[in-house]
Amino acid sequence: MAKVLMKGNEAIALAAIKGGVDAFYGYPITPQNEVPEYLSKHLLANGKVFLQAESEVAAINMVYGAAGAGKRVMTSSSSPGIALKQEGISYIAAAELPCVIVSVMRGGPGLGGIQPSQADYYQATRGGGNGDYQLIVYAPESIQETIDIMKESFDIADYYRNPVMVLVDGLIGQMMESVDFDKPVKERFLPEKDWATNGTMNHPGKRNIANSLQIDPKALEQHNIHLQEKYNTVKKNEVRYELINFDDPEYVIVAYGTMARICRSAIELLEKEGISVGMIRPISLFPYPKEAFAKIPDKAKGILTCELSQGQMLDDVLIANNGKHKVGFFGRSGGMLPDPEEIVEAIKNFNERVVK
Amino acid sequence: MAKVLMKGNEAIALAAIKGGVDAFYGYPITPQNEVPEYLSKHLLANGKVFLQAESEVAAINMVYGAAGAGKRVMTSSSSPGIALKQEGISYIAAAELPCVIVSVMRGGPGLGGIQPSQADYYQATRGGGNGDYQLIVYAPESIQETIDIMKESFDIADYYRNPVMVLVDGLIGQMMESVDFDKPVKERFLPEKDWATNGTMNHPGKRNIANSLQIDPKALEQHNIHLQEKYNTVKKNEVRYELINFDDPEYVIVAYGTMARICRSAIELLEKEGISVGMIRPISLFPYPKEAFAKIPDKAKGILTCELSQGQMLDDVLIANNGKHKVGFFGRSGGMLPDPEEIVEAIKNFNERVVK
Amino acid sequence: MTVKYEKTKGLTDKPLSYCPGCTHGIVHKLVGESLVELDILDRAIAIASVGCSVFSYQFFNCDAQQAPHGRACAEATGIKRVLPDNIVFTYQGDGDLASIGIAETIHAANRGENITVIFINNAIYGMTGGQMAPTSLIGQKTTTSQDGRNQADHGNPIKISEMFKTIEGVAYLERVAVNNPKNVIRAKKAIKKAFKYQKEKRGFTMIEVLSSCPVNWGMKPVDALKWIESDMIPNYPLGVFKDKGADDEKN
Amino acid sequence: MTVKYEKTKGLTDKPLSYCPGCTHGIVHKLVGESLVELDILDRAIAIASVGCSVFSYQFFNCDAQQAPHGRACAEATGIKRVLPDNIVFTYQGDGDLASIGIAETIHAANRGENITVIFINNAIYGMTGGQMAPTSLIGQKTTTSQDGRNQADHGNPIKISEMFKTIEGVAYLERVAVNNPKNVIRAKKAIKKAFKYQKEKRGFTMIEVLSSCPVNWGMKPVDALKWIESDMIPNYPLGVFKDKGADDEKN
Amino acid sequence: MPKGKLTFDHERCKGCGLCVEYCPQKILYQDKKTLNDSGYNIVSVSEPDKCIGCAFCAMMCPDSVIKVEVDK
Amino acid sequence: MPKGKLTFDHERCKGCGLCVEYCPQKILYQDKKTLNDSGYNIVSVSEPDKCIGCAFCAMMCPDSVIKVEVDK
Amino acid sequence: MKKTSNVKVAGFGGQGVMMFGQVLAYSATKDELFGLWFPSYGPETRGGTANCSVIVSDKQINSPVFKNADHLVAFNLPSLEKFRTKVEKDGLILYNGSLIKDDVKEDNILCIGVPVNDIANDLGNVRVANMVMMGAYLELTKLFSDETIEAIIKKFLGERKADLLDINMKAIEKGKAFIKDLGVNYA
Amino acid sequence: MKKTSNVKVAGFGGQGVMMFGQVLAYSATKDELFGLWFPSYGPETRGGTANCSVIVSDKQINSPVFKNADHLVAFNLPSLEKFRTKVEKDGLILYNGSLIKDDVKEDNILCIGVPVNDIANDLGNVRVANMVMMGAYLELTKLFSDETIEAIIKKFLGERKADLLDINMKAIEKGKAFIKDLGVNYA
């Protein structure tokens, strides 16, 4: 397949199909509507399942059901819609069921607006559902990268029996780029889903149960410890990030998604002005690429965290940095996108932006 | 009123009445049921509003309505129930409406269990709703402190036009202690609620609107900046914490709620063994008492974060500490409560517990 | 010369945000006129829902709240319980009321909350660009039922008024349409009556209005009104489904 | 000697977690027996809901999932759509189904999902200690209606079967009670028929079972069954509300 | 028969044509030559004398463009 | 009339008394003297010969304590 | 009295375990001491075992959780087995001699069986067994005066069950008498 | 061509603004360049102004957001006013001369009005005004060949509207002719 021009949301949908999705359950919300629209057409036509649920709450619980039944299943939504899914997500993570959740972020809080934003970083990485659970969260910067991750995400979810969230800002959902669907996906050994609740006829002598209730606190603590061990394995194996212009950076930018792309251009502009700026671009937000920060040269003057929010990933930057360098913040929000020149300014006035 | 023995949940309810609550909307969930049960009796009998909603989602939106109408209103719930309220909470914060949300934490994730836990720290402090918003979060350690904070919380909510969350673990909800309801509350100047949507007859010539929609990204960004400024004021004025045994501590524990009380006893035991351990006890979780960390002596050997979770407040400790001291973690979860002796052990084996 | 018809004071002067020929605008006028004629505008509180009418808080000339998607009836309940003497109404689309918000609507009805619900059934998700609504007709093409809705894949069109008439707390319930002057006049009567009942504290009142979405139906505005007649009304018959006060209302 | 009655293989051997005399146990048996008699146990998937029956995944002798409070029908839909040849059923209390889960239940019914819903109406929130349910009777004292439920403060008891019979996608709907042997036999027939319809892919089937909660009603188990007769049945009349297959089922 | 007089708030008009369609006298038309600021063709009366003041046009106008006065 | 024979799985019994109440022959009783491991009084048959094997007792028992065999 | 008493009360649901603990906590409050009570239910609210912890102290109570109890009051065998190893040196184990037939022995711990069911049955109401135990407990620990306890029990019974006060107080008396008869001393 | 062209296209909803931009991005992809398109809707989907950004480049595209456009294509006056100050030095402003009567002038920027509505009306279909503009744009920028554009437009129209291909291509021709007649040179 040659390169094609495709809208981000549609590319997400097609990539899901290539990733082997069996069922989609979701509810309309801007700016992710092209995901269900595309899938409604192509899944039903191929004997797969598409269902527009009555709400986000229903959708995530349909996902629970189908995931428990052993199928590859996904949902997609945007900010307030993801908020409504938090209870269900916590259940799915607790029951260790694999699924893929696409979150296309818009401006908040509340109903907010429909323009691109990254103000749901907390929502993705710090839950909002109850208890100690984690999603595996990827935040691609381009439609191509979104496709590659989407295709792989079902394998990753199955491998860890954990929900994977693909987190993009609305711009990635709404823009069109030239992309290629044929990049191969890393092969993983995926064991049989012998835990699937698909009737004992498929596994005689054994009842399969999808469950998150552990009324005995000892058992529940044990389960929590097991989950943490799993998350630690994820931390060891699934960290992804890109280092850009890291030869001898004077400053280091940390940014993901669309913001990272804007910063790439800013770095080029700064280069022209003789200011060498590197970038850590986290691709996985959980696990967060803490180790990348160790690679920042001691003499670097500071780290500028750039987000389309009022400062959420900033927490992880501060934790990863752990006091080593000065950390500054630049953010736009509510759907406002900075141009590269604004980032250039921010670097030049780094000292005004230091938070710690 | 002399001291009375009262169950935490009932004390929360009575304190809310003393704090002037006009209306309660909630949905049953263990371990907070005595809150609505007590209020159902005493609010209706006094011509106030009590309504058992059809769900947590409905309840939080009833709260939105009544808060927008200018009344003192609250809800209460527990872990999965709070998860369901996240969208509504984001709306209320975005629309800048005052209300009080009581969260009585149980073990998670998912349905989990019904025993005490502190695994909803993220849920309380990092949202889960969409967008950049903050609740003002208090985490008392005793029923007495819960009462005092509950009584004050309505004033604080009104003052900042922001939701206040009172976050307790299930133990505080379920236990009984000797308490006093008469402690006076700090006086605050509370302006008229001239923004209340109570009919233009009450404010002729001006329409009042409770709203979180800002379709113009410029306006939405402006609103976000305004919110951040408000949160910064809160950070300046409303930080609360207690320093315990801070004369010359060898180690410093950071703990809140029930965990802090267990640690108090552990500190006494350690003192007997000649090990001097201090404690920072955050009372406000947002704003987080970062400044307290500056008071830790340079030569202290480390900071032990103790939580009834797998490590959530730990993030704020790491951020506040910013690399200055070694940070360790001790946690129990799923409803398991450590006894003071376990904390003693943890301090003695601090080095095994270091995370950073 | 006497004024027979002019822009109602029940609406603000702000131009409506609806597409050309969208009958959301007609219903807005009927609501505004009713509030003025019953002299309750200054104690009215509108709840705008999420849908094309999300901006209706800018149009109804009274206090207003904007509710999360589907939760208008919960928000209205919250207000009405603390302000029982105000007039509280919601304005909700079929996605908002019949899909995500069905629980809140049923329970407000069942409790007999003394509020009025204006329910705009346009058989589509207008604001989000034309996805299937629970009320979309069998055979109707939408962006999520591109080959036309069929029962097996998408389920049946939901009959809200038929369902709500079984609910005890409902005081008045009528289905109307705004597709021609005669029906608009009937719709006005129904909406006004619903508000009158609320004023009289009779309980939950709801008017289901068959309304057009020319843009997402892919029709000219006039054709859209004809489609209401030819396709919607046969599936959603007009009429009074419940009237608790019918006896003392016979004038 | 032939065995006339013994513990069904449709249930596991685990002792039930219900209080003494709670009729949740009777309904469990009827479900288990039906699955065995229709020979569908090995393709059955039970959805346990949140309520006293939250542990029912330990009791039904088949695969099972445990759903978030109120969402059993959504979960069942998710499963049934990907495994259309399995038998999927939910077991839900009145808090779970009629309060928080009413939206998911209505929409599953409206889509005509080919699942079976066992709806335990015991007029109370059992598991959480006796709060008012939407089905609690007027006058009934609960921990959140301590002076007895009254319409003005708490709303009306909701009539689920009456409401659901208006929904197109429902294939079979009956209200039964398990308060005496005669009614238990009727209940068994209804539950079995519902599963039979599902096997035949006729659509959504639901059996509303009037059931006891001696503990939270504050009654002895036997008195609780008498209260079903004297107080519940008059408010919730038994009978078939809908039977799409009545014609070809007349044997 | 009463006589009607129409006044248009042209800037609010969106050119949807509902008034034109539902005028029983068929005396309204869209003026293809005149655009308002929003770019819509405004509506005019072809034979004002034939107006019976029924206000159907105004009633059907979603955007409150038309004021109807009658003389009776 | 058929004759019935009952077998009890006493450890499952919770002493609720439903079987006792709904036995048409009134031949079941709670044995106040015998507790099972869970502390409940178990159920016994006073006049086994009168049992008609209707299985009402078993049907009403929520905890599957009773097995009924008939001889016909 | 010892400055702080950590008490564990355990038994079957329905044996009045929670009330036993609460009476202690209420009494502490009445006597202007600090009282703290908290329950720990088994997996299900119904059936199973129930236990609660009580702390009575003359100073502000820190940890509500304690590793070992000073006093264990066990109403049935499973509870005794569960908690007997978690009693402090010089502590007290009071157990239900009616249900626990074997003698209980632990080093450095005073172990006393009280046949509370039998005594209560003799009084004509097995449900006051917990108050028989209360009598024995108070006789040993001397924590609260009869007046204090009576006032609290009165409150517990409320108007609806006021007629039960007598039998409850009688049960306490019997419990005290049982200890006196044994001639053991603890406090 | 310049290595990267940042293009802003703006106008009323319904003037074919989005399609104009997408045709450029599709053409880039077809020619194995990198193409990027993104929309920015006004507060409401309906009515109001609409605009989109397009980037065509021979290398991987970084920032999708640009401060100033190389080329502004403005279909109405509000759009022109909104974006005219955000065009690069040596850039190009193409505007709808049918709706914008006054002459447009900006320093160091080539400003050309094309009466696209009039030309499209002459062709018998005002809806192809955007393709008239496309013709003018391509004649000036030389970004894509006629074959590329024709293939893309064909795809856009699909089978249902295949009969409109002719008039669209004619519109492009007319746009090109208009520029040729002016005798301006840009690329």
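Residue numbering begins at 1 within each chain, and the chains themselves are lettered A, B, C, D, E, F, G and H in the order written.
Here is the rule we use: a contact is a pair of C-beta atoms (placed from the backbone, for glycine too) under 8 Å apart; a residue touches a chain by one contact, two chains touch by 3 or more.
Everything quoted here is computed from the prediction, not taken from an experiment.
With every chain reduced to the mean of its CA atoms, the largest distance from chain B is reached by E. Of the two chain pairs examined here, A-C and A-D, it is A-D that is joined by more C-beta pairs in contact.
Averaging C-alpha coordinates per chain places the centre of chain F 37 Å away from that of chain G.
Taking each chain's centre as the average of its CA atoms, chain E and chain G sit 88 Å apart.
The mean-CA centres of chain D and chain G are about 42 angstrom from one another, to the nearest whole unit. Look at where the CA atoms of chain C average out and do the same for chain D: the two points lie 34 Å apart. Across the assembly, chain F contributes no residue that touches 2 or more other chains. Touching two or more other chains at once are residues 51, 54-55, 57, 80, 87, 91, 95, 110-111, 114-115, 211-213, 215-216 of chain A. Residue positions of chain D touching 2 or more other chains, listed in rising order: 18-19, 54, 66, 68, 99-100, 102-103, 107, 127, 129, 134, 154.
Across the complex, chain D is touched by residues 27-30, 33, 36-37, 40-41, 44, 50-52, 54-56, 80, 110-111 of chain B. Remark: chain H residues 22, 25-26, 28-29, 32-41, 61-67 touch chain A in the complex. Residue ranges on chain B touching chain A, taken from their complex, read 57, 79-80, 82-84, 86-87, 90-95, 105-115, 117, 119-120, 122-123, 126-133, 211-225, 227-228, 309-312, 315, 318-319, 321-324, 332-336, 356. Contact residues on chain C toward chain A in their complex (touch as defined above): 50, 54, 66, 68-70, 95, 99-100, 102, 125, 127-129, 131-132, 134, 143-147, 153-154.
Chain A contributes residues 3-5, 114-115, 171, 174-178, 258, 261-266, 268, 337-341 to its touches with chain H in the complex.
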